[in-house]
Amino acid sequence: MINRATVYRVLEKSNHTDRAGRAVDIFLIILITVNVICVVLETVHWIYARFQLVFEIIDMLSVAAFTVEYVLRVWSSVEREPGQPALSQRLRYMVSPLALIDLLAIVPFYISYFVVFDLRFLRVMRLLRIFKLTRYSTAMTMLLDVFRQEASAFFAGFFILVVLLILAASGAYLVEQEAQPVKFGSIPDAMWWAVATLTTVGYGDVTPITPLGKLFGACVTIIGIGMAALPAGILASGLADQLRRKREALSQQYRRALEDGTIDAAEHAALEAFRKDLGLSRALADEILHSVQDGPHRSRARHCPHCGKALSRASD
Amino acid sequence: MINRATVYRVLEKSNHTDRAGRAVDIFLIILITVNVICVVLETVHWIYARFQLVFEIIDMLSVAAFTVEYVLRVWSSVEREPGQPALSQRLRYMVSPLALIDLLAIVPFYISYFVVFDLRFLRVMRLLRIFKLTRYSTAMTMLLDVFRQEASAFFAGFFILVVLLILAASGAYLVEQEAQPVKFGSIPDAMWWAVATLTTVGYGDVTPITPLGKLFGACVTIIGIGMAALPAGILASGLADQLRRKREALSQQYRRALEDGTIDAAEHAALEAFRKDLGLSRALADEILHSVQDGPHRSRARHCPHCGKALSRASD
Amino acid sequence: MINRATVYRVLEKSNHTDRAGRAVDIFLIILITVNVICVVLETVHWIYARFQLVFEIIDMLSVAAFTVEYVLRVWSSVEREPGQPALSQRLRYMVSPLALIDLLAIVPFYISYFVVFDLRFLRVMRLLRIFKLTRYSTAMTMLLDVFRQEASAFFAGFFILVVLLILAASGAYLVEQEAQPVKFGSIPDAMWWAVATLTTVGYGDVTPITPLGKLFGACVTIIGIGMAALPAGILASGLADQLRRKREALSQQYRRALEDGTIDAAEHAALEAFRKDLGLSRALADEILHSVQDGPHRSRARHCPHCGKALSRASD
Amino acid sequence: MINRATVYRVLEKSNHTDRAGRAVDIFLIILITVNVICVVLETVHWIYARFQLVFEIIDMLSVAAFTVEYVLRVWSSVEREPGQPALSQRLRYMVSPLALIDLLAIVPFYISYFVVFDLRFLRVMRLLRIFKLTRYSTAMTMLLDVFRQEASAFFAGFFILVVLLILAASGAYLVEQEAQPVKFGSIPDAMWWAVATLTTVGYGDVTPITPLGKLFGACVTIIGIGMAALPAGILASGLADQLRRKREALSQQYRRALEDGTIDAAEHAALEAFRKDLGLSRALADEILHSVQDGPHRSRARHCPHCGKALSRASD
């Protein structure tokens, strides 16, 4: 019989030493990836016509696997805090974002038996299974962290962008409406031009043609590109900042481990786990270790002349 | 009867604990947003035809509300420095940027009764009411701060961009004029191509067609993209810098509050108000608090071994 | 009679207190700007037809003024190092970049009397007078400094971009040549597409049409945008770095001036001159002064507990 | 007879003092560049028709030179660690990346005598010789270092970009398929639009035309540009970071050399070699030296008042 604690450990706590956990993780990652590729390829008519059966079998098996996964996760979620009542714990787990994503990955399949939907829409909905990868992706986690932390700056950037879009579209509407009554016939119509211009996509399907419109368009473009790039810049800078802090944290751990002069096996394992948790590459970790290790001339600057203890860490 | 001091407090000093002030703020933000949406939708013919009356009523009510708001603000502005003469204070308030924006939001409505204007232009002018949001937006305030601080670098970036635009347009005019006498017939004409190219919008309505023109265009593009992105880069870097300084300021406040080992209710309220003033998200504040709190190994490095006082703050 | 030392001081050493020097500077800046505007407007046929005489008079007077300026600068350049022989000093000045730009601004005018040139080319050449502004622009100076300092990184970025362009063009040539023998007929032809794509300009006049070409184009675009933005990123980061160092330098000067507790008139004038030399805005300087002044809690962290002297400056 | 140690030193260890080594390096760099230019020009029909013989001779000679270079490198690679067995060392060298690039540069030429290939493909393959420049380019080396160090962040950025591309293409496929069954007929087809849009290339050959499609396209563009720029931002920030660390390292070397108050000839040569190893420009090095040298007021802040030793280096 299946042990609930084992299921919980394999599914949720799979660290880098647990073999069964890693196998399940890899199996699920491959299954999700195969699903996404299938949904994309299914929309190509001749591929669908030729491999319809294959696609359907893969979908069946995937839904079955994801359903089992979901049920097991809900069932074993009691193990999170063993003392608590089972039902309330399971309900709390079921409304967590990751559990909702898991549910969203299977529920359209079952609904389609009861309700008649646009089949094409339903098939594409399966693409949402891609979000199941969030669980395994340091990238996604890091991005979500940056979003949460830089939320106010991000919102500020978007707010400024929206104001700019509205003003650009209104101006273009005023100066171009008579010359191009279809493309600049209203502010919402002109918005399509404003978005394409301020994001520097510039399709060219809508462009100002009057001299005044071109002058206005040129001014808006020159002023606007700086602000349209703001959310991007904030995100990139936030990500770089977070990486720097992670690097700094790892560097500190190395320094602490090196305080007795050497890194033993236990320390090495702990540092490796910490590095993987942070999602830093091994090459970077090696460089950090190197920069912490080498440096008698460094330590001289960073140690108090009285007690020999470090005075200030290098603002590395 | 209305108390002038109360009006002033509700309108101008609404912090996050004053209920009436918050209600007025939220009402005005919603009203401004509704106004902007109306102006945008009015330009769509069929929507305007069907809902003309609704739009006109909303406009009437908005102008009324904004007029009352403006009058009350001017009237109560005396409370800013209670001892001063009332008239001079009101005049000084009326020429402040925020008051001018408020005036600009209502004055076109009244002017239209005396002077005959292009109605379409007048209606779109109401979009300027969007700037009334400046009062409530940390984003706008922060951006204006960055503009003021990085003004010289920003001006430098724009100056270089303008020089580059003129040189690019002149070169393209010289090499392409004969092949495309309409699109590259003069330097101002060629400027439209230069703007679209150097900002990387690239509509494609004007492109060089001669081999020499393409060679010149390719060189200009490769050299130019770096410089066209300069103002954007300066703005983004300035904003990131300001955020970093704000984070540092909050971090310092946390550290001071934690000097006695704990954050009591009064300290917590003060820190929350400070955080909101800075416009930082709660998630970020929590992370900062966490990094300040955890860290016996950190404090060891940052305190003098003799007196226990901090020697150098972490360049976080 | 004109005093050579006075001429030298007015022309070359005009600081912000010398009235005559400032007047000459402003006159020359306006004259250069008028010249640039004239050259741009001359290329518009109807403007040239109507104002030909005005343009010619402005050009005459400008050349006269720039010639007098050039002669006076060469003549007075002896004052740079008063003890040295005059001729060698003048020759050394004449080959300096700024003097060559000054010469370039007037020499085409005189050449046109002896040699028959393409008139249109000659007229546009007058645009080079825009570089005379270099003398007055902190922006240009700062950009040149960044170029010199980040030269190796910049060259690296361009080298990588060129390699990428060649590989992208070659790949597109291989997969698209048969489908579009004109647009992708050779690697130089395909280069036009590669430049437009990797710089994200994307005119759309040349795009891959075969499935393989689109796949290759998509891959190249996704991989390439990161690298095409490298020179821009290096430039922006270099400029931000330089601004940071300038800010730090000003901050240090403020701190030194404040060591005796106050900034007297002489210190204030020196700090203002330093600020203008650095090209920093007054708003930024005020903020720096503020952050240096306020902060008893800061100074505690930055002063040695034994002697009271600063231990480590804030990495502001 | 040729001495193996000399060959090894000339080919592999050519520092900036060894004349023969530098001559060989410069000869090879010129040869590689000429090769790349030839391959590019060969694809232009009329150039190839006229200079076919020249191209063939250059190719012959180049292959000969590169073959000799490769054989000598493999032969002399034994000198790397003189004590080790020769064969295993040579094999180990032959599978190193640089040796594989060298092999790839010559092997297509020899293969073409045995196997019949598409001649055009084979000729373009010669462009891979451009990678032989990796050996001489600090730029390439630096970029590879940044890739290795920021690998996880880079992968994260690309993963997010791919997820975004799939979702954008699926959404566009759903809303535009009926209006444009050819251009948005399947998700892979729609992907071409998604790539062109999210990378802001925006060719304009495929654009949404339905109102719903434009709304979706606008939202995707605004949200997406931030994330499409992520890999670029990470790369640029990583490069800037590495440059900063290199600058810091050089600054530290200068400080150490200056500890005795002066930089003698030997120290100067060592610092120059170190600077070239780091790939920093001389202008930057001079500025660093300047900032280290000047500054009695700096050193006061960075030295302990008790023992006179540096307490904390400036986070320059």
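We call the chains A, B, C and D, going by the order they appear; numbering starts again at 1 in every chain.
Convention: a contact is a pair of C-beta atoms (placed from the backbone, for glycine too) under 8 Å apart; a residue touches a chain by one contact, two chains touch by 3 or more.
Keep in mind the model is a prediction, meaning the values are calculated, not measured.
Listed here as common contacts of subunit C and subunit D: A, B. When each chain is reduced to the average of its Cα atoms, B sits farthest from subunit D.
Interface comparison, A-C versus A-D: the higher number of contacting C-beta pairs is recorded for A-D. Two copies of one chain, subunit A and subunit B, touch each other, and the residues they use overlap weakly: the shared fraction of interface numbers falls below half. Averaged C-alpha coordinates put the centre of subunit A at 39 Å from the centre of subunit C.
Inter-chain centre distance (subunit A to subunit D, centres taken as mean C-alpha positions): 28 Å. Counting partner chains per residue, subunit C shows two or more touched chains at residues 196, 200-204, 229, 232-234, 237, 304, 306, 311-312, 315. Under the stated contact rule, the graph of chain-to-chain touches is complete, every pair of chains being in contact.
By the touch criterion stated above, subunit A contacts subunit B in their complex at residues 148-153, 155-157, 159-160, 163, 166-167, 169-170, 173-174, 177, 185-188, 196-197, 200-204, 207, 214, 217-218, 221-222, 225-227, 229-230, 232-234, 237, 241, 245, 252, 256, 304, 306-307, 309-313, 315.
Residues 36, 39-41, 43-45, 120-121, 124, 127, 130, 133, 137-140, 142-143, 158, 161, 191-192, 195-196, 199-205, 228-229, 231-237, 239-240, 243-244, 279-281, 283-284, 287, 297-298, 300-302, 304-306, 311-312, 314-315 of subunit D are the ones that touch subunit C when the two sit in their complex.
Considering their complex, residues 200-204, 311-312, 315 of subunit D touch subunit B.
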